[in-house]
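Letters A, B and C mark the chains as written, and numbering starts fresh at 1 in each.
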Amino acid sequence: MNFEGRDIVSIKDFSKPDIEYLMSITDMMEAIARGGSEMLKGKILATLFFEPSTRTKLSFESAMYRLGGNCIGFAESSTTSIEKGENLADTVKVVENYADVLVIRHPQDGAARLASEFSNIPIINAGSGSEEHPTQALLDLYTIKKEFKKLDKLTIALVGDLRYGRTVHSLAYALSLFDTKLYLVSPELLKMREEVVGEIKDKIEVEEENDLKKILPELDIIYMTRIQKERFPDLSEYKMVKGSYRLTQDDLKNVKRKAIVMHPLPRIDEIAFDVDSTHHARYFKQTWYGLLVRMALLSLILGGLE
Amino acid sequence: MNFEGRDIVSIKDFSKPDIEYLMSITDMMEAIARGGSEMLKGKILATLFFEPSTRTKLSFESAMYRLGGNCIGFAESSTTSIEKGENLADTVKVVENYADVLVIRHPQDGAARLASEFSNIPIINAGSGSEEHPTQALLDLYTIKKEFKKLDKLTIALVGDLRYGRTVHSLAYALSLFDTKLYLVSPELLKMREEVVGEIKDKIEVEEENDLKKILPELDIIYMTRIQKERFPDLSEYKMVKGSYRLTQDDLKNVKRKAIVMHPLPRIDEIAFDVDSTHHARYFKQTWYGLLVRMALLSLILGGLE
Amino acid sequence: MNFEGRDIVSIKDFSKPDIEYLMSITDMMEAIARGGSEMLKGKILATLFFEPSTRTKLSFESAMYRLGGNCIGFAESSTTSIEKGENLADTVKVVENYADVLVIRHPQDGAARLASEFSNIPIINAGSGSEEHPTQALLDLYTIKKEFKKLDKLTIALVGDLRYGRTVHSLAYALSLFDTKLYLVSPELLKMREEVVGEIKDKIEVEEENDLKKILPELDIIYMTRIQKERFPDLSEYKMVKGSYRLTQDDLKNVKRKAIVMHPLPRIDEIAFDVDSTHHARYFKQTWYGLLVRMALLSLILGGLE
């Protein structure tokens, strides 16, 4: 269970004990996040964002600064430099000379894995293609752990775009390590891919469903995601399904008292603003937990805790 | 007069004693700006710039680093993410988890006020819509204070675009707290709005004027601003007025010996380059004073001085 | 040989003893790069990049952080603000109030020199127009020094675009200070300009050549550069010459055992990927040496070592 120097590429690289150890370290980070630390003084984190993601970038940077380190990096506003034939491996082999850890986000599946093969310093995958977003899955798990004091005996619905959403892929896999029941709630066109469903079905109870309202009373966790208009070849189809994957304060009348609503953010309108003020909302708290998880990962990988 | 945890949204939130207290703290910042400090060690400032403003952003960042803190943030090169339906409140409620103070710039009137209502951490308005730019007004006041050793018994002309320029709105209000005489010098189309003029006229002597050259000999402070071509529906009208709101070395022959020329920058050509070398020019010195004022604000708001 | 407060505008400002002194300081930087330092604590470096160059920017920023300093700055993704009539001198006279050293990159010849005339704080030229890139030349020299333990009695080929490539101009001049033999290998259209060739021919042996393969066995250093399609008015001409200025593993069969391949990066395809794994490749190592050279420069200029 030694994280020092380790790459964080896929949630599948984490065993259940790995996750439990990480959660225990994360518990220590709240005090440091508020009080500051010099644990990673002199260390440099480089963000290589080949597609934009302001929130994820700021989260990693804040985590690094809270631990006393520094940050460099870039964020492409489009895929310009990739089109220009910019070579990912070359970029990695240059920037590894300037930093102690690389955080990479890339539109192509497998990019972070490729980067880790070329890099002499640890790589953290901050989202690659539509497959993986492991630190998001870890922060989702940590949110659940903090709110329910357990990761077992919980019923979770993943709602929205389960086909292209990298967040839900990583999370579904992570949840399958624990004794959970999973509902997959999505329009036909955005159903989770067969191979992903197959893999988790072997381990936990999974049900595909397209009526969110029907199962609401059963749920401990309602995990909402965006449905992007662009995914629909036919706009009328989009308009038809849109309403079914939207959550309002009214809908929450029938949920368990302790049920929570989560979302990787940013949201468009799939969670109505009137949900924000209910005691079920946890999507902003999630970003706080995310900071703590990333602090824990960075301190472990860079040996700040050893 | 406790600034700790306070939002800086509008210059109107400042009483005269508030401003005097801030100026006295600012006087202490020059030594720190040159020598460095660890006053805000471990603190993080986040810049949320929904429209670009390189200079203002760099000024805040430099102030934070001079005090020993760190910075994260973003600057939109256009209004892209706003068009995408990006929700300001959501952004604030995410980023407040990553930082100790938020500096926000936004093209819409009222945006900073709105942000401050959602945020649990202090907000500093770095320019919102065409209404407010309170830290610019404070640094303008501080410049005047340093150069004249007083804020009373002074005659100031605000010159140029008084309709859309947020800088002049905040400054006019700030000046009205002191015993000053104000000339408002602008083309008809860019006159200061009635309601703003009304408010300051209740407190100090204000005169609207469209001939800058005529009043030059009377002035202690000539505060120039840009006139943007885009404001004129008819380009010929722009060309007609343009020259009247331009200052050259020649024009300065008739001013008081101690008169100073100020400008919020960047300039286009409303101040000729030959003015730079005169002893009247203060627009670059202003940016130095701006650094000091922002250092004072940050150290007070974040409790570095308490 | 006092570097404190000095501008780094042109490689021509460096005497041979200057370069030797800088190399000796650079030797001390490897330990600091790995262990960290507080040498420049409280100092701020500002990057003014009027054209994009991610790698150079990251290199300077990493150097500054490794020495304990901080960074602010901007990078234009295009030449937008220059087109808008943004005035370089004004920018410099503003930002010098926020920082202790300015690193500037600009598409126009002479821009860094101009900036240095206006600035009260030291300027480092990180590439201006097609003329100069002095820190690249210094890191190239340092790479050669480290790999050959000397800067004399070496045969170097500069290959590719010798007309518009600022890197090769600065490097050719730097090499002319030492007892070296230089081959200039380029297509007719991209030959080094007469005046540059003339200047170095006075000092060392220079030969212009257009067949790289022929001279390979003689070379100690093969310095490759990009040939940009856009330079050729006629695309068919580009396609004709392209292959002749490309290096593959095969080509390296005939080189000296200790010969090294260098490149300022980024590459397009002028060095085949199969060269990366040979013991001749030094282009990634170069970026590491570059970090060390920039650390040495910053610590000298800002007086961290005095």
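As a convention for this text, contacts are C-beta pairs under 8 Å (C-beta built on N, C-alpha and C of every residue); 3 or more make two chains touch, one makes a residue touch a chain.
Bear in mind the structure is a predicted one, so any value in this text is a computation, not a measurement.
> Give a one-word verdict, same or different, on whether subunit B and subunit C use largely identical residue numbers at their interface, taking over half shared as same.
Since fewer than half of the residue numbers are used by both chains, the interface counts as different.
> Quote the value, from 0 to 180 degrees and to the nearest 5, of the angle by which the CA atoms of subunit A must be rotated to coincide with those of subunit B.
C-alpha superposition angle, subunit A on subunit B: 120 degrees.
> Approximately how many whole Å separate the CA-defined centres of subunit B and subunit C?
Those two chain centres are 40 Å apart.
> Can you tell me which residues of subunit B touch two or more of the remaining chains?
77
> Touching residues of subunit C toward subunit B in the complex: what are they?
Subunit C reaches subunit B through residues 41-44, 46, 70, 72-74, 77, 81, 85-87, 90-91, 93-95, 97-99.
> Please name which positions on subunit B make contact with subunit C in the complex.
Touching subunit C: residues 35-37, 54-55, 58-59, 61-62, 65-66, 68, 71, 77, 265-268, 284, 287-288, 290-291 of subunit B.
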